[in-house]
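What follows is a pair of complexes built around chain A, which joins chain B in one and chain C in the other.
Presenting the complex of A and B:
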């Protein structure tokens, strides 16, 4: 059972990561730098709990803030870039951050432990070991999964509110046509930077959760593959509605686990699935049309029921 | 002396980067799409060619075979990801990501080859008589790269197909009005790109005595870096960007070590993209 709890927690973390990509995706920016924010969030949160014995929740929030600050730092000069230039700039940034994380070393010596394993904190290429907050505070994998999904609920709730607000329309207008957005008085740069920073915060939070789930992280965990997979969550799930990233992240995390009987070829099949989705459902698994149709049929059912009950009352 | 040697070594990398950049440049200019599977296709072709030929030790055949395989695989990948996948360019990019993942994993799981594939260096790695610090194979590769770039320039400048490629890259609507078949031109351009990429990849594998399964990712990242540093507007831009990257990387390695090479290189690239580039450009060849 513990295994499935871990998978559930990992799924939740991936959902938050997917929403971090989605946050800037709705303004039309494709970021491949989420691995950097995720990594920085992981290192910051893990350092705070391991070295300063900080409360887990506060540490994860600090991780999120670190991701957000970093995204602001990157966002200001790069968000004026158009098309692929922004994407490639984020690739370069993510790669530079990975190198830093891979080599960063701070912390303090650990009294117990085997020879060569007496360091608390990030230890350069060896990685960051002994992130044992969950173990030290007797938090089981089931409890941690519930905690992660609480974060997910908050994030999804926030996006539901956002989707129904005026800001969402502004963001989608920027994505459709920046010139039109400017002409109707939308502050394009400000909106883009806020969206990107929100993405950075979410990536940082998911990184903090990830570090505590795995108990060991190293700079090489945050390579460009992670960013591309996070982007795939959104593209495959569907970037037109807020349900797409949720669906994409859940399917993408669970499918390789369900496909364990054909373990050797699961990544190949996974890659093939991305290709097939792009071939047959380019707008992703959950498109805006699809959601509209479901909403419409639900409303129709409800109105028919209301009409019937009103007719019955009249009779 | 150390700086001089680093510059000489950097020339090898520059040569390889020129060819990789040219491959990416052709694909990007004609298709207006980023092909994330470019490096993986090259890697797979090198693996297959060297596995097929290595027992006979007829290495030039392996080189030619890897170019041919890259053209064939590249054709199929291009037809599916850029021909059949419609709509937003991001869809094609995501499709090539799927191909990248699938092919890379296939190579990792290749029995006996997942950890790497040995590629024999059939050129001498001794220093030249007149400049002992310059290796013979490095010199050949650099001149091959310059010849390829010059040959491509002449091809694009003075042939009808070259004119068609340039027109399509500059303005697809004008190309359509001129009766240029986009499909055929895309096939020709991507085939040339795959062949040049495979040539660069094989020569690099040869100098390093082999490649591993992550070689594809390296090729893709380097190709993208060169493409965007150059501004993707001309062959000379690609050569210039490749020279800066190749020599710059070696100098940074000498001065700061491998770790800081990547860090400084990527930060510089980020800054170049952020502060120098970024305006919408017409892609010319």
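Presenting the complex of A and C:
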């Protein structure tokens, strides 16, 4: 059962990561550098809990802030880059960050360790071991999964509010045509920066959660694969509505786990699924049209009864 | 004085080794120039080329030229698959879709190869025999490794061939036409789909050759080479200027020099970070790359 709790927590973490891509995706900025913010968030949060004994929740929030600050650092200079140039700039930044994380070393010696394992904190290429907050505070994997999904609920709720507001229309206008957006008075630069920074914060938070789930992280966890898979969640689930990233992340984390009998071929299956989805549903699994249709068919009954009662009154 | 000699030596090595990056970048840039898509699966042609090349060195008495040719054919087959699976059916859709499809292909092929490597050799890396190991050409105080020279020679030959094909043949004319505009290409009677397939084959063959050369100079062949090559090639292409072959060459050589000089002057472990931050800076100040003209945006 513990295994499934871990999978549930991992799914939640991936959902938050998918929303971090989605946040800038809807303004037309396709980021392939979320691994950098994810990794920095993981390192910051894990250092705070292991070295300073900080509260888990506060530490994860600090991880999110670190991711947000770093994304501002990327977001400002890359504002004028368009399309693929932006994407590749984010990849370059993420790779640089990965190498720095891979080599960073700070912390303090640990007394009660085996030989060669006497360091608390990030230890260069060896990685960051002993992130044992959950174990020390008797938080079971089930409780952690619930905690992660609380984060997910908050994030999804925020995106539902955003989707119904004027701001989301402005954001999508920017992605459709930046010149038009500017001509009708949308502050393009501000909106893009804020969207990208929100993505950085979300990636940092999910990184902090990830570090505590795995208890061991190293710089090489945050390679380009992670960023591309985060983007794949959004593109496969569908980037047109907020349900796409949710669906994409859940399906693509759970499906390989459910296929237990062919477990050793999970990653092949993952690749094959990406390929097949793109070939047969290029606009993503959940398209805007589809959502509209479902919403319409749900609302129709209600509106018909409303209409009837209204006409009855008139008679 | 000794420092200057060492620095010169490093720069020279970087230029020679950078020629393999240039080969990978040319493969990228061909597809980018003709189709405006990022072919993330391009690294897999490098990996297959390395795999085939490593097998070819196991056959005693086989000349190296044949090995390179075999690697190129192996790479080209992968290119054909990419064209037929990831590009053809998605021709009409958004370029992001094609990119994600190539990502899926990349993960699929890499995992299959990891399984094959592990089942045959029980480990991730296999030795790639280097026929030029230890041979050095002395040039005053500078020493040139033979395998680096061979790498440069093969790269130069391939680039010159490509130049000849693109600028002196009818096929090249058609390719340049298609890179301007697909629809006008159709109207002028160019079989666009065929030209694009050939472009995929050439691009992938370059990847295969690069795989052979990278494997030979680093003495190992492994299934993760594709992931490394995709990052390096992509960056070399963007550094020089996306879409131009000259830019890819300049970018590849710069990246080679940058990595070696970075590890010589600063530290080996931060070498990739230095190269990537340099690329990030270049992208911000010159989005069109080192070579490459600024495109004027008309509204």
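Here is the rule we use: the second predicted complex is superposed on the first by the 303 of 315 C-alpha atoms of A that agree within 3 Å, B and C clash if a C-alpha of one lies under 4 Å from a C-alpha of the other, contacts with A are read in each partner's own complex, and residues count from 1 in each chain.
One rule holds for everything that comes next: a residue touches a chain if its C-beta (ideal position, glycine included) is under 8 Å from a C-beta of that chain, and two chains touch if they have at least 3 such contacts.
Keep in mind that what you see is a predicted model, and the values were worked out from it rather than measured.
Trainee: Following the superposition defined at the top, how do chain B and chain C come out on chain A, clash or fit?
Mentor: On the superposed model, which is not a single observed complex, chain B and chain C clash.
Trainee: Is A:231 contacted by the first partner chain B, the second partner chain C, both or neither?
Mentor: Both partners, chain B and chain C.
Trainee: Looking at A:30, would you say it contacts chain B, chain C, both, or neither? Reply first, second, both or neither.
Mentor: both
Trainee: A:85 in the overlay: touching chain B, chain C, both, or neither? Say first, second, both or neither.
Mentor: both
Trainee: Examine A:99 and indicate which partner it touches, taking first as chain B and second as chain C; both and neither are also allowed.
Mentor: both
Trainee: Scan A:274 for contacts with chain B and chain C and give back first, second, both or neither.
Mentor: Both partners, chain B and chain C.
Trainee: Given the touch rule stated above, what does A:179 touch, chain B (first), chain C (second), both, or neither?
Mentor: It touches chain C, and chain B stays clear.
Trainee: Let me check the overlay on chain A: which residues of chain A are in contact with chain B and also with chain C?
Mentor: 30, 77-78, 80-82, 84-85, 87-89, 91-93, 95-96, 99-100, 102-103, 224-225, 228, 231-232, 235-236, 264-265, 267-268, 270-275, 278-279, 282
Trainee: Once bound in the complex, which stretches of chain A touch chain C?
Mentor: Spelled out, the residues of chain A in touch with chain C are 30, 77-78, 80-82, 84-85, 87-89, 91-93, 95-97, 99-100, 102-103, 124-125, 179, 223-225, 228, 231-232, 235-236, 264-265, 267-268, 270-276, 278-279, 282.
Trainee: Which chain C residues qualify as touching chain A in the complex?
Mentor: By the definition above, chain C touches chain A via 38, 40, 85-86, 89-90, 93-94, 96-98, 100-101, 103-112, 115, 227, 230-231, 234-235, 238, 242, 269-273, 276-277, 279-280, 283-284, 287, 299.
Trainee: Which residues of chain A touch chain B in the complex?
Mentor: 30, 74, 77-78, 80-85, 87-89, 91-93, 95-96, 99-100, 102-103, 224-225, 228, 231-232, 235-236, 264-265, 267-275, 278-279, 282-283
Trainee: Which of the residues in chain B come into contact with chain A in the complex?
Mentor: For this pair, the touching residues of chain B are 34, 36, 80-81, 84-88, 90-92, 94-95, 97-103, 105-106, 109, 217, 221, 224-225, 228, 259-260, 262-263, 266-267, 269-271, 273-275, 277-280.
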